[in-house]
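In what follows, chain A forms one complex with chain B and a second complex with chain C.
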Partner chain A sequence: MFMTFALITLLGALGMLLQKNIIVAGLFMVATFFGVAGLFLLLANPVAAALQIIVYSGAIMVLVLFVIMMLNSHEEEKAETSRPVQRWVSVALVLALAFGAVKLVLSSAGVKALDLRGAAMPQAMTLQKVGTTLFADHLLGFEVAGLLLLAAMIGAVALTKRNL
Partner chain B sequence: MTGMDAILPTLNGGLQGYLVVALLLFAIGLAAVLLRRTLLMQFMGVELMLNAANVALLAFARFRGGDAQAMVFYLFIIAVAACEAAVGLALVIGLYRHRDTTDSDRAASLKQ
Partner chain C sequence: MDKLASLLHMTPAIFWMVAKVVIVFSAVMLLASVWTWVERRGSAMIQDRIGPNRAKLFNRWPILGLSQLLADGIKFFFKEDLVPTDANKKLFWLAPFLAFVPALIGFAVIPFGKDFVSGGITYHLSVLDPGNGMGLLYPLAIGGVAVYGVLVAAWSSNNKWSILGGMRASAAMVSYEIGMSLAVLTIFMTTGGYDPAEVISAQGGALWHVLPNWNIFHQPLGFIVFFTCMFAETNRLPFDFAEGESEIVAGFNTEYGSMKFSLLALAEYSHLMTASALVATLYFGGWQVPFMPDPPVMLSILSFLVKMLFFAWVFVWIRWTVPRFRYDQLMRLGWKAMLPMSMFNLVFHAWRMSQGH
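So, the complex of A and B:
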C-alpha cells in the first residue's frame, strides 16, 4: 500500500516537472495531492487526508487550473536568453541535495530508533483530539489564521479588480 | 550499511520511507521552481515543497504516538498555503494584464 501511494505521489510530481502543457501539469499535481492524501491515511491520520483532498485537490488546484485557462497561455513561452550554466548548476544542486538528504535519513540512528519505538504505538489521529488541542491551546493562532485568510481574500480582490 | 540494506527499510512504510518520499517530493518541487520559467509552474513547485514538509511533519507525528500538535501546525500550514495561492495567483493575473506574459524571465524588472 505504501509503495502504491508513494509511487503515485512521486510519479505525479515528476510528470508535473517534465510536462510541457501547463494544464496537463496541473492535472498531474492533482494526482500527486491524492497520493499524498493516501500517505496520510496510511499514517493513521484520516483528518489530514480529508483536508488534503478538500483544500489542495479541491480548492487550490481548481483555482490554479482556473487561472491557467483564463490566462490562455498553455505552453511555456520561448526563452528570451538560454541560460545553460544556471540550469546545469540548478540540476546539480537539486540532485546533490536529494542524494545527501536521503543518505542522511537512511543512515541516521535517531530516525531508526524513532521508527522502532513509533511502530509499537499505533494511535490514530481523531478529529476530537485535533479539535481539543486546537481550541484549548491554540485559540489565538486559530483566530489569527482566520484574519489572515480574510486579508488574503481582500488582497486578491484588490489586486485583480481593474477599478475598485 | 550499504546497498540493499539501506534501501529495504524504505519499502515497507517505516518512518524512513515517508521521509524519503518527502525529501524527493521537496527536490522535485525545488527543481520545478529552478528549471521551469512559467510562473504558474513555479507556483505549483512551491505547493509541492509545502506538501513535502507536511508529509515529513505528519510522519514524525505518527511515529511519536499520534501527536495532535502536529495537526494544529498542519492546519496553519494549509491556511497559509491557501492565502499564498490566492495572492500569488492574483499577482500572476496582474502581471499578465500589464506585460502579457507569465514568464518569470520577462518580468525581471519592476519598471514598466
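So, the complex of A and C:
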C-alpha cells in the first residue's frame, strides 16, 4: 500500500514538472495530493487525509485551474535563452535539500524511539483530538495563523477592489 | 448469513463487505437511472404533458414508459462515439469517469439502515463501517473532488462554451462549499461527533413529545443553507451553470455524445442520490423511524429509502418549478446570503451550547 501511494505521489509530481500544458500539470498535482492523502491514511490519520482532499484538491487546485482557464494561457511560455547555470544550481539545491531532509528524519527522536520500541499500532486521529490539540497545545500558533489569513484576506480585497 | 458465506468459501466479514459494496453501488446506479425517467415523467406532469410512454418491454408492456430507460441505454451504447479533432483525447476520455466515480463513491459512508447482530457478529449497514475516522468529512471531500469531472470535460473539449461552463461550475462549487461546510460543522458541534452513525443515533427520540428529534427542528437555518448548497454542488437547476442551455449551448458537455454523455448524465443523478441521502442523514434522522425507539432493521431501511427518495423527488420538483438564476445572482446568493446565514447558525448554536443546552 505504501508503495502504491508513494508512487502515485512521486509520479504525479514528476508528471507535473515535465508536462508543458499547465492544466494537465495541475491535474497531475491533484493526483499527487491524492497520493499524499493516502499516505496520511496509512499513518492512521484519516482526518488529515480528508482535510488534504477537501482543502488542496477540492478548493485550492480548483481555484488555480479556474485562474489558468480565465487567463487562457494553456501552454508554458518558452524561455528566451537557456540558462545552464540556473539549472545546475537548482539541481544542486534540490540534492542538498533532499539529503538534508533524509538526514533530519533519520536522526530524529521518533525514528530512534521506533528502533527501541518497535512499531506500535498508533491510535487513529479523530476530529475531536485535532480540536483539543489545536486549542490546548497550539493555541498561540493557531490564533497567529488565523490572524495571518485574515490579513491576507483583507489585503486581497484591498488589492482587487478599486474604490473601497 | 453464515451459511451463505461458508457456501462461497468466505468468512462472514468478507462476504458482508462484498455484498454491501455490490448492493449499495448497484442500488445507487439503478436509482440514478430510474431517476432519469422520474425526471422526464415528473417534468411532464408539472408541465401538463404526458412524457415518455411509448417504449414497451417485449413490445407488450409499457409500464408507464419505464422501459424507456432500457431503450435509452441501448441507443446510447450503439451511437457513434465522436471525439472532436482538437480535443485533448486522453482527458476527453477520462472526464466522464472523473465525474462518475466521485458521484458514486460519495455514498459509501452513509448508513442506510440499523446495525443488526447475526451469529454473534454485528453487521453495519454502510459500506465504510462507523468509526473509520473519516466520518462525514468523507462525503465533503468527495463532493469537493466531483468538480474535476466537469472541469476536465469542459477543458478537454476545447470549446469556448464548454470552458465557460467549466469555469462557472468551479466558481460556484468553491463558493457554495464554504456555506455547506459551516452548516455541517454546526451538526458536528451539536452532535459531539462527526461519524454518520453518531449523527443518526443522536437524532433518535422525540422533541417536546410531538416532533421527532431531528436536526431539522433544531437547525432549520442550517438545513436551508445545506439544501441550497446541494443544488449548487450537484449542478442542478436553478443553479445549472455548468450547462446553462439557454446561454452556453450545453456547457461542459456540449461536445459529448453516446455513452460518454450518458455517463456524465448518470453521474449527475448519482450525485443527486448521494446529496439526498446526505440531507436525510444530517437533518432527517437517517434510518430513524419517528416515535419508534428501536425499529426493526427492514423498517429502518425502508424509512431511509423513503426519506432519500423524497428528497430526490424534491430535487426534480424544484428543477421544474423554479426559474434559473443569473450567474451574478448565484454568486451574490452564495456569498452574501448563504455564507452569513451559515455563519450565524454556527455562532448561534455555539452560544447555545456555551449556555449549557
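Structure notes:
The rule is simple: the second predicted complex is superposed on the first by the 130 of 164 C-alpha atoms of A that agree within 3 Å, B and C clash if a C-alpha of one lies under 4 Å from a C-alpha of the other, contacts with A are read in each partner's own complex, and residues count from 1 in each chain.
Going forward, contacts are C-beta pairs under 8 Å (C-beta built on N, C-alpha and C of every residue); 3 or more make two chains touch, one makes a residue touch a chain.
Because the structure is predicted, anything quoted here is derived from the model rather than measured.
In the superposition on chain A, contact is made by A:Met125 with both chain B and chain C.
Touch criterion met: A:Val62 reaches chain C, while chain B stays clear of it.
In the superposition on chain A, A:Ala79 makes contact with chain B only, not with chain C. A count of residues in chain A touched by chain B and by chain C gives the higher number to B. Contacts of A:Val105 after superposition: chain B is touched, whereas chain C is not reached. In the superposition on chain A, contact of A:Ala31 is made with neither chain B nor chain C. Of the two partner chains placed by superposition, only chain C is touched by A:Ala50; chain B is not. In the superposed pair of complexes, A:Met70 makes contact with chain B and with chain C alike. Of the two partner chains placed by superposition, A:Leu11 touches none, neither chain B nor chain C. According to the touch criterion, the shared surface of chain A, contacted by chain B in one complex and chain C in the other, consists of residues 44-45, 47, 51, 59, 63, 70, 124-125. The part of chain B that touches chain A in the complex is made up of residues 1, 6-7, 9-21, 23-25, 27-32, 34-38, 40-41, 43-45, 47-48, 51, 54-55, 58-66, 68-69, 71-72, 74-76, 78-87, 89-94, 96, 101-103, 105-106. Residues of chain A that touch chain C in their complex: 21, 23-24, 27, 30, 44-47, 49-51, 53-54, 57-59, 62-63, 65-66, 69-70, 124-128.
Chain C makes touch with chain A in their complex at residues 88, 91, 132-135, 137-138, 140-145, 147-148, 151-152, 155, 163, 166-167, 170-171, 173-174, 177, 181, 188, 193-194. Interface of chain A with chain B (complex): residues 1-3, 6, 9-10, 13-14, 16-17, 22, 25-26, 29, 32-33, 36, 39-40, 42-45, 47-48, 51-52, 55-56, 59-60, 63-64, 67-68, 70-71, 73, 76-77, 79-81, 87, 90-91, 93-95, 97-98, 101-102, 105-107, 111-112, 114-115, 117-119, 121, 123-125, 129-130, 132-134, 137-138, 141, 145, 148-149, 151-153, 155-157, 159-160.
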